[in-house]
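Shared between the two complexes below is subunit A, which has subunit B as its partner in the first and subunit C in the second.
What follows is the complex of A and B.
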């Protein structure tokens, strides 16, 4: 695996219109990582990018996406007009130019992964801070620094399959338990009409979503990658506290909500709820009992009363604990049933673009060292995933690497299914049949275009 | 506690019939008798010389006639077919005799005769008519069952059994006589069915506290016969006797071995009626009535010696009966002149009124605690004329779903559990075959099917803001009862979600299988643009023809052909249709399809490939040659 942190040469955000005159170049740089880089070096980097972006605009109506030099790869992302986010990674190179590229390819972060990193960084920023253009110029530098520095530092980006295909893991659940959750949410929303439940997560798997698909992914990533790991750590450390917390508590803001002072610590987010037409600002309230986590939003314009939160606590606590224990029982049963199915050494990844559902075989999950996927293989999957349009609404590609890896990518109706098979002396038909078999056994009840 | 009050419901849940049957009041010259088997009042004026009037609820059986005064009458009753009148008189030191008069068209003929019981020195406690021409003399020596032969003016003894009893109680619907012996410690029921006398399991009571005649009633409730006994002051301290309980001891029927204890919480004089399978307990001093439902499941049970004991409390709080009016005057209610008869008669002998007691179902939902709504609905579902009330409650709950969501969910559970129980019973009956015994588990309960709920409650309320929550609650209840979601509900759910823009919830419900799989639902999803969900559902339903059609409709002929081939349907799809669509798409698509149609499928028994030779396909054969030629060059 490659250590990405070491590979990130720099990450910066600029907007040329912020300092249009000479001598104001530094004003154009909203954020620069690493921050120990001198002002001159910053100016140089940003200047180069500005020039490239501008230059390229004469050739294409679309924005410039990437630039590769002998030692560096630049990825550009323009989330809002004029705002450019740039990620630069170093690529190892040898002086012998002829062989360098072919050999080192596996070592470099895949461009699509880099692009995804930029996109999710922006989306996370937008979730908490709102779009760049709405932030006053005098605040934007400090806000960017406040947000992106810890973000980039904490980003444990590896060339893992879950980074190549960013999705949401849904918890499979029997109907009755699912209805329990939905009815609980309904009851809560009916009893407290100002509150809307936007997500229900069990462990790190999503059960209920009330957001537009894109925002859901961002919130899910925030929960699963940032908030919940910290929370779980706290719970493990405070073993004795755990029993007192059985009935649940608010975990965002971090110190729960006890006094009206705590209400000022509520986090504001910019979200597009599923039944809304435009992104609006809400307070985000997160409640957790046992392994179940619920996120609510409440409009920022609604005056908050500490009494409401106390009664909410008293309402959710017992309900959520009961539901969480029901789910844990169901999960235990389900785990037993699927253990056999997933424990085979088949390697597959499933992704549905419509609801961003992501599922992979046990042999590909994070628990097992992902070294089992070779960077080349990953890179091929990343390419297929990025270029899914070439498959159209349905299709199948089978690629064989020189070291006997067969990678099959299936696309059907917004769904993608990848299978990795290492098999010597296999032929195309055998692989196709095997893929079909895996697809049928793992993806029951789903219609794949027959090949 | 928040209260629920059904709109337009009345306060009184027990009422007397609007128009009482009037008769001459009891007086020194007029004697009034009541026959609870036929529900008829006999007013005998001057021993019958100045006339006997018979009135009952059924006006066609009313009559009046004269007869000779041969002594004070103790009991006078028609046979069930009104062809024989039997009279028991009080003759000192005479044989135990019953007189008979044959009747024709409710008028007496002059055929009169009499019969003396087999025990010459016995005292006749009374007589009952188990059948049209069978009469049973109940005496202190035992019971004698006789058949009456009116033409021959004589009676023939069928069967007799000896038992030393002091008084008896009679239950006409089940033909059971309960004789009290041993000074009210032993209660012995006898069944008089099938022209025979059968001794049933005796009821032994606490020897220290024998029962008296006015505290014992034999009644029919929920298709079983029960002996209702008032147990006064059951508490252990004699200084402060506890409230009275009604014990229902099983006599016969399918509810054997369960004793129901009804807690009245009151002391004093009581009377009971049975109305619509509810036991109504009237309490005189407080002028209230209580209703008990022994079919309720919430009763607390405990296993006692010899059987199970279930304790019940009144369904709703005690309330007085609806005040009855008589010619613009209020009748005195709970008067000391009232006599209560089984199952549902009340007579005021002084006023000369005969009423039937009835239940006002809607009043059961008048001012009840919010959390008792489900219980009340459960009680109503077991009643006869409660359909309208149940729907009214449902509508009121649905329209105020923001307040009553929890209760509504539980009400759905009650409805569905009744429905499911019935469906299971029906299925068992059908599998057992038509020859199986007729339904004896009581009448059909009130069934509210999924379609009923949609048409009568939900369809007219699609504008409600909480409709989605209501439908979800209903679906979850169906799911808890393992009932398949039927199309009306699924369709309503989809429409409610779509009109409110809640596509996410719709997808989640479908993906998790909460709406079930059905072809109409798949088509609805397809029309709404949820293509992935629709195709998945069709695939799960094995509707391969539909899938092929859909894919053809999307101008994806190659995929359509693939789907058809994998389902073994390729020979059924029109080759012309496929080729035309492929040609419109692109030359590679056409070539792929053309080849596919010529390649025999991999299946072991290949169905014949579609015919490409027909005239209609000629242009495509030609087009193929053209394309391949181009490629070659």
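What follows is the complex of A and C.
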């Protein structure tokens, strides 16, 4: 597996209109990583990118996406008009000669992964800081630095299937348990009308969502990749806190909410809620009991009282703990059932573009490093995923690699299903039949056109 | 290339698991063509670093002088030839050069200042919305060729391109390769003193575009020779190369149309005119018996409608498919060959980029559209070669070969190769193309006929614009267009594939590569896999049965 971070040569954001005159070029650079790069080098890099963007605009109305040189790839992303984010990655220009020598072995990195990295970086920035255009020019440099420096440093992106296909893992529950959760959320929103529940997560799986799909993915990624891992670590270290955890506590802001001073530490976010028509600013409050985590929003214009939070804590704590125990029992039973059913050799991934539902076989999860997929195979899946349009509203593609991997991609409306099989002496028909079997056993109730 | 042990593994494990595995239709022990495929060429082309690149272009030995010295060893009369090789016909052109020396005032647009120029010309109807632009400029930024529009008015754009290329080289010690937007790719190739750029909205991959630019470069070399090209720019960096290339623009124009339509370029292979084995043998014999006494004849090539009929060669020397493609292009683009016997210098870049061969080019007769090229290292062999040509033509007529050639060209319905799909009898197959790797020859289900060639040009007159028009009935060109993606996946350098089976509501495509061949088949939509396997098996057997007719299975010499 490749550690992408090691290959990041630089990452910068620029807006040409910020320093339109000659001599003001540095003003155009909103952020530059790594920090120690000289002013001249920054100017050169940004100047090259500006020239490239300009050059292509004479031929194409679409925004510039990438620049490839012999040793590097520049990935461009323009999230808002005039604002360009550029990620420069060390990827040698691929030729047969270099791969024959083994130079690029294990270094296959699909451009779509890099593009996704930029997109999620921007979305995360927008979640916490709002869109670039709304930030006053005098603040934007420091805000970018404050946000992107730790973001880039912490991004531990490996060439993993979950980075190729970014989705949300949903927790399957029986009707009664799910009903309990919905009742809890309704009761809470009725009792505290200012608070709106936007997400209910158990471990790292989503159960309930109150956001528009796009924002949901960003918030989910923030919870699962950043906030919760830190929290879990804390819980494991501090064994004595265990009893307090039974009744839950606020985990955002980080030191819980005890005094009215703590209210000033509340995190502001920019979100589009499910029923709203525009993105607005809210306070984000996150509460956790056992393995259950709930996120609420309150409009920033509503005056906050510490008393409200104290009573909220007293209300949620016991309720949430009970619900968390119920889910935990459910999960245990479910895990037992699937363990019997699961053939450990199977490697598959399911993804639904409509609700971003993502499911992968246990053998593909990050927790089992031995089951990692070869970068070449991953790259083929990434291609299929990016190019799903070529399959139309339904279709199937089977690719065999020189080292006897068979990769199958099925598409049915907005649903995608990928299977990896390594099998010598198989033929097309046998592979297709095997894929059909896996699809039927694992994706019961989800419709794929029979092919 | 491949070891035998690898071959065995291949045979037992290939995707189809069928008896057809050991079939390698079209394979023969000796090939008239140099079968190194274009993707390997590409690799050697592109793997070089900045420094290597500059060295590579210069350190090639001359095959032509090698041949000349061999001939001279046995024939002292001809000693003067060795010294005259590449400079011959260019004396006059050299003179022109000095005349223009001062006339260029457009230079030194090195900085990025030129970016700010608003280039309205680029938005004019002549240039906007084209599927593929091609620009060739000198490393000083002087325009040499543009596929559309007028180069003079593109000086600004060329300045920008030159600036981009040199900024990446000078500041970053790197080489600019490509820029991609949502719907468009710009690919850059710096070769010697030239910068070649393709800006394309087609579905061709970067590699495929670089190959096309390499062809364009080779086309220029074939007019000038590499030696000449390098020397011109060593002497005057600002030289306006268009003066030497007048007439060659049309060759490059046609070459790009040709490359976009004919799968021969996609596969790096040559199409042969399907002929009965006996007829081809007679033609080859007619050429060898007539020419074996002409010492300095290197190649005798008979072609018709962009297809090879036969190639007789001097021992030891073979031709690369890309050189043959340039010859096809030359013949197809030059109407004048039809009216008179011509004597023309031709440089074949893969064979020897440093010097000219001299070619006697003529059509066999008025009633047969086959063109005979006799290529020699002798500068003044027109008359003996003209004599030989008439003898050959006479022999072909007497042995009824002209009829056979005409039948094939006019796609006589009685020939099995005229409508292969009908003859094979698998209704589910809509289109296929097959390349035999060891001989670099290809066969498709829709062999080109003369009227179809005409059709290419008419289609192109529409202007090469991007069109969203939904095609109602796919032509073979559209099928080939669809194969491009499969072809680039199969040859992808980082994660190659051996077999791709894709099925959707439009069609089902199978792409399969083994050590011996590459096969691309389009079936009806939603084709069953086992049906597809059976169909491919039958298809391969049919090609095997007809291989003597479809392919050139020997490698005759003088």
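For the reader, a short list of remarks on this structure follows.
The criterion applied here is as follows: the second predicted complex is superposed on the first by the 432 of 451 C-alpha atoms of A that agree within 3 Å, B and C clash if a C-alpha of one lies under 4 Å from a C-alpha of the other, contacts with A are read in each partner's own complex, and residues count from 1 in each chain.
Definition applied: a contact is a pair of C-beta atoms (placed from the backbone, for glycine too) under 8 Å apart; a residue touches a chain by one contact, two chains touch by 3 or more.
These figures come from a predicted structure and were not determined experimentally.
In the superposition on chain A, A:59 makes contact with subunit C only, not with subunit B. Look at A:425: by the touch rule set out above, it reaches subunit C but stays clear of subunit B. Counted by residues of subunit A touched, the larger count belongs to C, out of subunit B and subunit C.
Of the two partner chains placed by the overlay, subunit B and subunit C both lie in contact with A:393. Of the two partner chains placed around the shared chain by superposition, subunit B is the only one that A:190 touches, whereas subunit C remains out of contact. Contact with subunit C, but none with subunit B, is seen for A:71 once the two complexes are overlaid on the shared chain. Contacts of A:354 after superposition: subunit B is touched, whereas subunit C is not reached. When the shared chain is aligned, no partner comes close enough to touch A:440: not subunit B, not subunit C. In the superposition on chain A, A:233 contacts neither subunit B nor subunit C.
In the superposition on chain A, contact of A:379 is made with subunit C only, not with subunit B. Comparing the two complexes, residues 393-394, 451 of subunit A contact subunit B in one case and subunit C in the other. Subunit A meets subunit C in the complex at residues 44, 47-48, 50-52, 54-56, 58-72, 93-99, 104, 108, 376-377, 379-380, 383, 390-402, 404, 424-429, 432, 451. Of all residues in subunit B, those touching subunit A in their complex are 401-402, 405-406, 409, 466, 468-469, 472-473, 475-476, 479-480, 500-505, 507-508, 511-514, 531-532, 535-536, 538-540, 547, 556, 559, 562-563, 565-566. Contacts from subunit C toward subunit A in the complex involve residues 12-13, 15-18, 39-40, 42-44, 46-47, 49-50, 112, 115, 119, 122-123, 133, 157, 160-161, 163-164, 167-168, 171-172, 174-184, 186, 199, 201, 206, 485, 489, 493-506, 526, 529-530, 532-533. The touching residues of subunit A, counted against subunit B in their complex, run 173, 175-176, 178-180, 182-183, 186-187, 189-190, 193, 208-211, 274-275, 352, 354-355, 393-394, 413-415, 445-447, 449-451.
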